[in-house]
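I have placed the structure first, in the form of structure tokens, so that the comments after it can refer back to it.
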Amino acid sequence: MYSHEFKKRVRYNETDQMGYLYHGHYISYYEIGRVEMLRSLGLSYKEMEEKYRVMMPVMSLQTRYVRPARYDDLLTIRTTLRQIPTQYITFHMEIINEAGKLVNGGSVKLCFVDMENNKTIPPPQFLIDALEGKF
Amino acid sequence: MYSHEFKKRVRYNETDQMGYLYHGHYISYYEIGRVEMLRSLGLSYKEMEEKYRVMMPVMSLQTRYVRPARYDDLLTIRTTLRQIPTQYITFHMEIINEAGKLVNGGSVKLCFVDMENNKTIPPPQFLIDALEGKF
Amino acid sequence: MYSHEFKKRVRYNETDQMGYLYHGHYISYYEIGRVEMLRSLGLSYKEMEEKYRVMMPVMSLQTRYVRPARYDDLLTIRTTLRQIPTQYITFHMEIINEAGKLVNGGSVKLCFVDMENNKTIPPPQFLIDALEGKF
Amino acid sequence: MYSHEFKKRVRYNETDQMGYLYHGHYISYYEIGRVEMLRSLGLSYKEMEEKYRVMMPVMSLQTRYVRPARYDDLLTIRTTLRQIPTQYITFHMEIINEAGKLVNGGSVKLCFVDMENNKTIPPPQFLIDALEGKF
């Protein structure tokens, strides 16, 4: 299991008229979480697309809203990989507020696509290598 | 079962650098679908909040990405209620492209909250009444 | 002078905790306005990029917020071209609410770029042709 | 003159199919810049709304796009106040990329509104006090 935490503040454009972080924006928080986890492993998603020509489209996700987040809250995005990916990769997500309470939990499943021929491929070796020391 | 369809075009600000409708935006499409379904029943979600002081926060949702949608695609948001809500309400969602192919499918579960005391309440009677003719 | 009107409803994800249409979203409304004006002329911005390989990046814009727009308001986006473009193109924008009152006004200046070599080019002839009957 | 800098990374949901930071999102970057400038002065915009019941709606803004920003760029938002506000407040904005080049420049003019009666008021004394040591 490998976990990574990243902090992000709720911005005004992310609030809605309930005064909450709009529920659709958690999906972007999930993305920030997994990109920053990759960065913590020495990997850049930008480079994955540009240099290695591998993209990671989202296949499915599920999310539960436990309590609201509000404007200016400094949230912790905790991203967890429970296993080294074999075909797909699933990130488990928790969004935690400044009081340490769970705001939202979910998971996102992605695949790897070779951008040259648009075919699904197994997880690239550089990702496996970067993860192996962590498990 | 009650289904409703509403069309929405993919806008430039909704695309990402893959050239796809960004996967997080489907959550807003779901919201547009259910609000327009309510309108088709003679109900206004705006009035629900302002006049009846009932809000409908999202409890959970799950979504599957079947094929990409692209800039300027005119998508059909099909929203289905499979039963008259008793405690929570679950909307089943399909996003369909101009070729009639499924782009995305999912479901969203919401509850009803009395905005005066922030307590969960059963589905309001005016909603049950509006739905009863349809089932 | 050529004007075109298009209606767009304010969606929940576009509101902020003031209960207003978030001020940054007007920029997307401007874009919807100009794309739909082009469509009214028989032109597709999508085709401009894909088929003619011409893109129209925004060079500058200015906007004035006159009165707030709110959730579920059905706004009219009025887009006006005051002259046939010679080098750049400037769209004059008005956002009008259901009471016919001006919500926001502004203008956006764009250029034309050949996507093959990333150079600025004059307005494409098919755009001039489409506009000439209107002036 | 008082300037403040804050860094923000371009996220995937902020890109568009040109591969650029979508031009409408700069408006949110401006907001982040001014909120973080206020925080650097010991002021919280959240508290201004909640505790002092003062909100700061945007009256107008203008923006020039100098060169594109791209996915994962770590941009510097430089926010400058040229004078202590008397009636309105104008923030001058520069967005600078990692190479130190100007990406975007602009300015935003806001007013102060008493949320209890929705009337425009002069700049609150605590803001003047916080700024006076800086000029």
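The letters A, B, C and D name the chains in turn, as written, and every chain counts its residues from 1.
As a working rule, a contact is a pair of C-beta atoms (placed from the backbone, for glycine too) under 8 Å apart; a residue touches a chain by one contact, two chains touch by 3 or more.
The model shown is predicted, which means the values in this text are computed figures rather than measured ones.
Any chain that touches chain A and also touches chain D is listed here: B, C.
For the touching copies chain A and chain B, the fraction of interface residue numbers used by both exceeds half; the interface is of the same-residue type. In this structure, the chain pairs B-D and C-D differ in their number of contacting C-beta pairs, and the larger number is found at C-D.
The geometric centre of chain B is 28 Å away from that of chain C, both derived from CA atoms. Spacing of chain C relative to chain D, judged by their CA centroids, is 24 angstrom. Chain B and chain D, compared by their mean Cα positions, are separated by 34 Å. Each of the following residues of chain B touches two or more other chains: 12-13, 18, 24, 27-28, 31, 71. Those residues of chain C that touch chain B in the shared complex are 11-13, 27-28, 31-32, 35, 44-46, 71-72. By the touch rule above, chain D contacts chain C in their complex via residues 18, 20, 23-25, 27-28, 31, 55, 57-65, 68.
Residue ranges of chain C in contact with chain A, taken from their complex: 12-13, 15-19, 22, 24, 71.
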